[in-house]
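Chain lettering (A, B and C) follows the sequence in which the chains are written, and residue indices restart at 1 in each chain.
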Amino acid sequence: MTAVKDFPLSAEKTKDGGGRTRLLYGFTGITLALVVLCLGMALFYAGQDITQGDVQRIFYTHISSFFGAFIAFSATVVGGIQYLRTRHPKWDSLALAGVEVGTVLAFINLATGAIWARPIWNTWWTWDPRLTSAAVMFLTYVAYLMLRNGIDSPERRRVFASIYGVLAIATVIFTLIIIRIRPDTIHPAVIGSSPSTGAEGGFEMSSSMVTTLLFTLLTWSFFLTPALIWWRIRLENTLERVNKMKQIYLER
Amino acid sequence: MNTPFLQVMLAVIAKDFRAELRSRELIGTMLMFAVLSILVFSFALELDRIARQEAVSGVLWVTLVFASILGLNRSMSMERENASIEALLLAPVSRAALFAGKFIGNFVFTLIIGLFLLPLMTVLYNMPLVSGWMFVVMAGGIFGFASTGTLLAAMTVQTRAREALLPIALLPVALPLLLSAVKASTAIISDAAFDTWATWLQIIIVVDIVYTVVALLGFGFVVEE
Amino acid sequence: MSDSSPNIIEVRNLAKTYDVLPVLKPLDLDIPRGQFVALLGPNGSGKTTLLRLIAGLIKPTAGTIRIGGWQIPQETEAIRAQIGMVSHKPLLYDNLTARENLRFFARLYHLPPQDIPPRIDLLLKRVGLFKRAETLVRTFSRGMLQRLSIARALLHDPHVLLFDEPHTGLDRDAMTILDNLLLEAHQEGHTIIMTTHHLESAAQLAERAVIIYRGSIACDTPTSPDLPRTYANVTGGIV
């Protein structure tokens, strides 16, 4: 155990590391409580949709996971640009954490969408433009992880990943706006009015539904996603520390 | 202090064209692939008159994307073969100028393939593919592929998987372009009014500008250690 | 260029770390104008890293390099025009002729257009490839590629010439031709830094040997026929 103390990541980290850990635990606790509250609101507080019934309740999670992914992928862009400017690995950790968390959230988004579509559209999946671009968005970030894996030199890996992370946000933005520009999508626009006359499964929202949606959106975007990213960065720091210790040990 | 941007760009373009004229490695493989792809598609899809109208622009663009990937890989591995990219980096030239040179080369090569495919598919599929707007959409789409493709090929050529990774990295990022280009081409073929598909052309132009700026800025980071 | 120092190259506190692995520990090195320096050391000692840092191909983790009054990493672009580099890889294009290769690089170095053809002729004659000027580089032998590389590095008449293991893969005759070209360049007044494993050539050509071992300068000495023994002592190897 003494060996671990011999190689602290950096001086400042050990000094207030305990404080940061407490902060993270507190933040995680609040996040968990809020997520449970969100689910409770979605299941018991929000009014039932007249035409779709209880299936509609999945929408709160469906939309929120997309916005969570959007926040996470935006963190990747910030991390990437900052890494290229400063060359400090911590920014790359942020970018990587953003991609991993965002990819999971994007997958939740796709899965909940499919579960909703089964009773409403009578199919798990359809090659609708919105669905296709959401799927491609998910694959873009899988490609990001593959690209990272293919590069041996840690410095090159960070540089390439930073640039790809910036480029990849284009598919996220495209997925966001495609619903406004494609009149032939059947995916309903939940926020704002759908320009698509062919949208199937849209619904009018009562005030309890609006409250629930907003609450869930904010929780997923500003609590759940940041908390997950934070944990992922900590994991990366620990991994790096282990690697450093290994290397120093081998040098001896 | 640096050699002027334009001179470097033109020198790189001239060098690539001269090497290409001599070996015909790039255009030759791209062209052969494109023709084969179109023939295979027409067999595989067994297109009747109506289905053809729907599918023809998809066939055109998928073929173009893969042909451009072939060309991009070749163009970048040419710089890696004798480590000659190092000689480019040693010279007092801006990295953006090197990018512009490689990018315009790739753009022109792929455009040549596209221009060859239009009359060929007009004959084979009996569709009116040769038109002014078609040319504009084609140039716009290829412009975006070539700029992101040049950037990404410079990355993937340095990975363990090399050539295999370029399509995986490029296709998802190129989707906004690909989708818009297919939609615009379909509209042009079916003789739709400009207003109905102008949005697609606008998206192509916006994406082209964004991608090219990112690629110009990013290229230096990618080639330098 | 405001340069009063007799040293064309001044390396200060230069260090390079790959990730957490220190390849080059902070080192100082002064090289007077016109000196021929051999950089020696076993594989992985950091000598190639030092050469690539001076060439501006990689960025230092810490420290500075001054070349002819300009500073790396701040003024790398100004320094590039003063440096020519020959690596053990040819850095040439297979599908172009010798002359086309040189013409391309001459344009990258912004030589005046009217000077380019005579300069290329002169260099091709000097490296003995004038008769092969219109031949594709892909047909060249290892030795011919190396000579053409030297012509490429000399195109813009740089103050400093860097050679990264130029002897690798050459046969006896090619090596003799290479050594003569190196000697000629030195006599012309170019400052030369060369990494090599070929200790005899180093002892013969260079005035000064710098031995890098485990990322530090282990020995800095004028060359003598004793060089192989010194080298063995420093690196703990066999003569």
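Definition applied: a residue touches a chain if its C-beta (ideal position, glycine included) is under 8 Å from a C-beta of that chain, and two chains touch if they have at least 3 such contacts.
Not measured: the values here are computed from a predicted model.
Q: Which chains, if any, touch chain A and chain B both?
A: Correct list: C.
Q: Across the interfaces A-C and B-C, which one involves more C-beta pairs in contact?
A: B-C
Q: From the C-alpha centre of chain A to that of chain B, how far is it in Å?
A: Spacing between the chain centres: roughly 31 Å.
Q: Taking the mean of the C-alpha atoms as each chain's centre, how many Å separate chain A from chain C?
A: Between these chains, centre-to-centre, one finds 50 Å.
Q: Would you kindly tell me how far, in whole Å, the mean C-alpha position of chain C lies from that of chain B?
A: Chain B and chain C have C-alpha centres separated by 38 Å.
Q: Please output the residue numbers of chain A that touch at least 2 other chains, ranges allowed.
A: 155
Q: In chain B, which residues are in touch with two or more of the other chains?
A: Counting only residues that touch two or more other chains, chain B contributes 225.
Q: For chain C, what residues touch not just one other chain but two or more?
A: Residues of chain C never touch two or more of the other chains.
Q: Considering the complex alone, what residue numbers of chain A touch chain C?
A: Against chain C, chain A makes touches at 153-155, 243-244, 247.
Q: Name, in rising order, each residue of chain C that touches chain A in their complex.
A: 18-21
Q: Using the touch definition up top, name the residues of chain C that touch chain B in the complex.
A: 52, 55-59, 77-78, 80-81, 83-85, 87, 89-96, 100, 104-105, 107-110, 136, 152
Q: Per the contact definition, I'd like the list of chain B residues that touch chain C in the complex.
A: Per the touch definition, chain B meets chain C at residues 1-4, 7-8, 11, 14-15, 18-20, 22-23, 25, 78, 81-84, 86-93, 224-225.
Q: In the complex of these two chains, what residues of chain A are touching chain B?
A: Where chain A meets chain B, its residues are 84, 129, 133, 136-137, 139-140, 143, 146-147, 150-152, 155-156, 159-160, 162-164, 166-168, 170-171, 174, 181.
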